[in-house]
Structures are given as C-alpha cells and as structure tokens.
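Okay, handing you the structure first.
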Amino acid sequence: MEQKEIWLKSLITESPQEGYELAIQLSRMEVKSTQPDIEVLKRLRTDYANSASGLTAASHVIALNFQTISAANGYWR
Amino acid sequence: MEQKEIWLKSLITESPQEGYELAIQLSRMEVKSTQPDIEVLKRLRTDYANSASGLTAASHVIALNFQTISAANGYWR
Amino acid sequence: MEQKEIWLKSLITESPQEGYELAIQLSRMEVKSTQPDIEVLKRLRTDYANSASGLTAASHVIALNFQTISAANGYWR
Amino acid sequence: MEQKEIWLKSLITESPQEGYELAIQLSRMEVKSTQPDIEVLKRLRTDYANSASGLTAASHVIALNFQTISAANGYWR
Amino acid sequence: MEQKEIWLKSLITESPQEGYELAIQLSRMEVKSTQPDIEVLKRLRTDYANSASGLTAASHVIALNFQTISAANGYWR
Amino acid sequence: MEQKEIWLKSLITESPQEGYELAIQLSRMEVKSTQPDIEVLKRLRTDYANSASGLTAASHVIALNFQTISAANGYWR
C-alpha cells in the first residue's frame, strides 16, 4: 500500500455473480493486507488449498464478504 | 472461471428449502473458487466429510450462506 | 436428496423455543448434506459430543441458525 | 427433550444485562442439545474452562447469542 | 454472579471509541462468565496473549461485540 | 490505554476503500488491546503471517470489521 492504488471503488455490482467475484477479490486483499509478500502468499496458498480445514476456513471468509456485498446491493432484488 | 459461465443468477428462491439448496451450492462454489482442481477437491472432501470438526466447519459455512439467502428472500414470510 | 422430500416448509414458528428447535434441525441437515451416510454421522457424533471444542463448534452453528430464524420471526415480539 | 419443558419463552428482556444472561443460558442449551449427558458435560466443561482456546470459543458463541438478543430488544434504546 | 452487580447498564455510548471499549469489556465478561476463577484466567490470558491463533481468536470476539454495539448506536452517525 | 488517545473518531469514511483501511486498523487495535507489548506482537505477527491458517483467521476478523463499517456507511450507495 505504498502507492495508493484504488482497487475498491464500490460495493455495488450488476449481478449476484459479480458480487460473488467481488467477495473473492476482497478475501484475497484481506490476506494480502496481512502478508504482502507474493512469494510467501503463493507458498501458503498451496498449503491451504490442499488442506480440508484450510479450504473451509477460506470459504468461510468468502461467505462473510458475500453477505456484506449482498446486503450492499439490496440482494439484487 | 476461464469461460464465464453464469451459475448465480439470483438469490431469490421459491421456498426456504430451495434457499437452503442454494446455500449449499454457494458453499461448494466458495470452495471451488479456492481449489479448482476437481481431483484434489474429491480427496479433501473425503477428509472433512469423515472428520467431526471438518463437518462442523463445513456446516458453519452453509449456515452463513443460508443466513444471507434468507435475508435476501425476506425470510419467505 | 435423490427423492425430493420437503423438510423445510417455513422459517416461521409459533414461539422462540420452536424457533430454537428448528435451528437445531437446520444444523443437523447442514451436516447431513455434507455427509449423508448415517453410520459415519453416528460415529462422528460420538466424537464431537465428547470433545469440548467439538461441542462448542456445534453450538456455534446452532447459534447462527437461531439468529437467522429469530430475524425471520421478527424476534417473536 | 423427552418432556417438553418451556425454557425459552421470549427473547425480550428488561435490561441489557438480563439479555446478556439469556445469551449465556442459550449458549448452555445449545451445548446441552448436542450432549445431554450431564456427567459428560461437567467433564468437558472442566476441559474448555481451563483452555485458552476453549474459553475464547465459548465466549464467541455467547457474543453471537448476545447479538441476536440485542437486536430482538431493539438494543434497549 | 452471586451478588447481582449491574455491570452492563446500556449499549449506548457517547462515541465509537467508547463503544469499542465496551466491546472489550463485554468480551472479558463473556470469558469470566465461563471461567470465574481469576487465577485461572490470569494464567490462560498469558497463554493466548502469547499465541498468534489465541490473539486472533480473541480479537474475533471483540470484533463481533463491536458489531453489536455499533448497530445499537446507529453507528454514531 | 493509560493515556486516553482518540484513535477511533468515526466509522464514517469517504469511500469503500477507506472503509476497508479502517477495518484493518480496527483489527490491529483489537489485537493490541489484548496484547499491548509491541515486541511480542511483532514476533507473533511473523508467526501468523507465515501460516496459512493464521492468515485466514486474521482475514476473517478484517472481513467482520469491514461488514460493520460497510453497514455504518450505508454501503457507500
């Protein structure tokens, strides 16, 4: 975050699926904010993507972000 | 996600039970988005479906998605 | 889920306690959806019902489902 | 739950602190619903009440129930 | 809780930061309600305050309580 | 917290991304409130920033704080 890049302009998306994709992007940023080193991230990604509990924990965070984004969009009703 | 397939058109369902089924579908997609390799997923699925803590963690994610979908549907009142 | 049995007709219940019982039913279905084999479920149930962390994790899912159902019922006010 | 005892009449309480006490009662019922054997519960309680992670996990469930009860009471505003 | 001391009069606070401090107080009470023995608590506190996963789990509970208190205060808008 | 420094003036931010940055700041404060010793924090940070499960748990707390802040801001609609 040395250079201020705008990566999150809005929580509003055109469709539920785009909202879901934003939830995934948010989840990745949340990890990157804690561990900015891409090489470390790649190694750890292999760890959790091959562990049942790691995958479930990662999907939990996506589900929470999706809940936030769904509310933001009035659930695309 | 190479080819953009629309798998999430709406959070609105006809009934609570269909909402529940959508919650399960969402939970599976959240896992698949992190680990797209079907063979790995199958192996890991055996892991967590046979572990008490794995099963509970998986059901936690389903419950969270069901909360989102229930709110989206005005709780089918 | 081969034969479509309707087990979740409504989130609306007569009383908070019935809402609580529905939360427990939901929590069990969420586990069963991931592991449909009743024999495996029975064995795992013994595992987590005799482990402090397993029990707490299970009660966490019940609490989340109860939150959803309470909101659905306008908190029975 | 053989005999239907009414233990949860309402989510509405007089004050925040009574709401907090109801959250604790709910958390205990959620555990008891999964493990009804009082002797086992007593033994496990000693386990988690003497473990940092067990205590934190238990307090997480109380916090979630307190969130539900607080919303039910319009936050006692 | 032998003598009924009123420690939670209201969820309403003057400012976000006071709300945050109440969230911390609530989190501590939630632990104390499960383990009232101050000596045990002190020992366990050393455990989790020196463990990465223990600290993260504790901060998760604070974040949940802060969510409840923020909603109670209409987010101090 | 010996000297009362005001670090949380408002949950309201100009944009979603500033809200996200506030969520990260909150998450760090929640850890610091439990473990104020900066040297210990630095050491533990290395632990969880290099562990897949530690990183996911940390990002979970950020996601929860972001949900609170997003609601506070009416989702910047």
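Per-chain residue numbering starts at 1, and chain names A, B, C, D, E and F are given in the order in which the chains are listed.
Note that in this section contacts are C-beta pairs under 8 Å (C-beta built on N, C-alpha and C of every residue); 3 or more make two chains touch, one makes a residue touch a chain.
Chain labels with UniProt names: A, B, C, D, E, F = Peroxidase.
Worth saying up front: this structure is predicted, and the values here are computed from it rather than measured.
A.B. asks: Just tell me the minimum hop count from chain D to chain F, counting one hop per pair of touching chains.
C.D. replies: Minimum number of steps from chain D to chain F: 2.
A.B. asks: Looking at C-alpha means, what's the farthest chain from chain E?
C.D. replies: Farthest from chain E by mean C-alpha position: B.
A.B. asks: From the centre of chain D, which chain's CA centre is farthest?
C.D. replies: Most distant chain from chain D: A.
A.B. asks: Examine where the copies chain E and chain F touch and state whether the two sides share over half of their residue numbers (same) or under half (different).
C.D. replies: different
A.B. asks: Determine the centre-to-centre distance between chain B and chain C, using the mean Cα coordinates as centres, and give it in whole Å.
C.D. replies: Computed from C-alpha means, the inter-chain centre distance equals 16 Å.
A.B. asks: Do you know which chain F residues sit against two or more other chains?
C.D. replies: 48, 51, 53, 57-58, 60, 64, 67, 71
A.B. asks: What is the shape of the graph in which nodes denote protein chains and edges denote touching chain pairs (line, ring, star, complete, other)?
C.D. replies: Drawn as a graph, the chains make one closed cycle, so a ring.
A.B. asks: Round the ring, from chain D on through chain E, what is the full list of chains in order?
C.D. replies: Moving around the ring in the direction of chain E from chain D, the order is D, E, F, A, B, C.
A.B. asks: In the complex, go through chain B and note every residue touching chain A.
C.D. replies: Checking each residue of chain B against chain A gives 6-12, 26-27, 29-31, 33-35, 40, 44-45, 47-48, 51, 53-54, 57-58, 60-61, 64-65, 67-68, 71-73.
A.B. asks: In the complex, go through chain E and note every residue touching chain F.
C.D. replies: Interface residues on the chain E side: 15-17, 20-21, 24, 48-53, 55-60, 62-64, 66-67, 70-71, 75-77.
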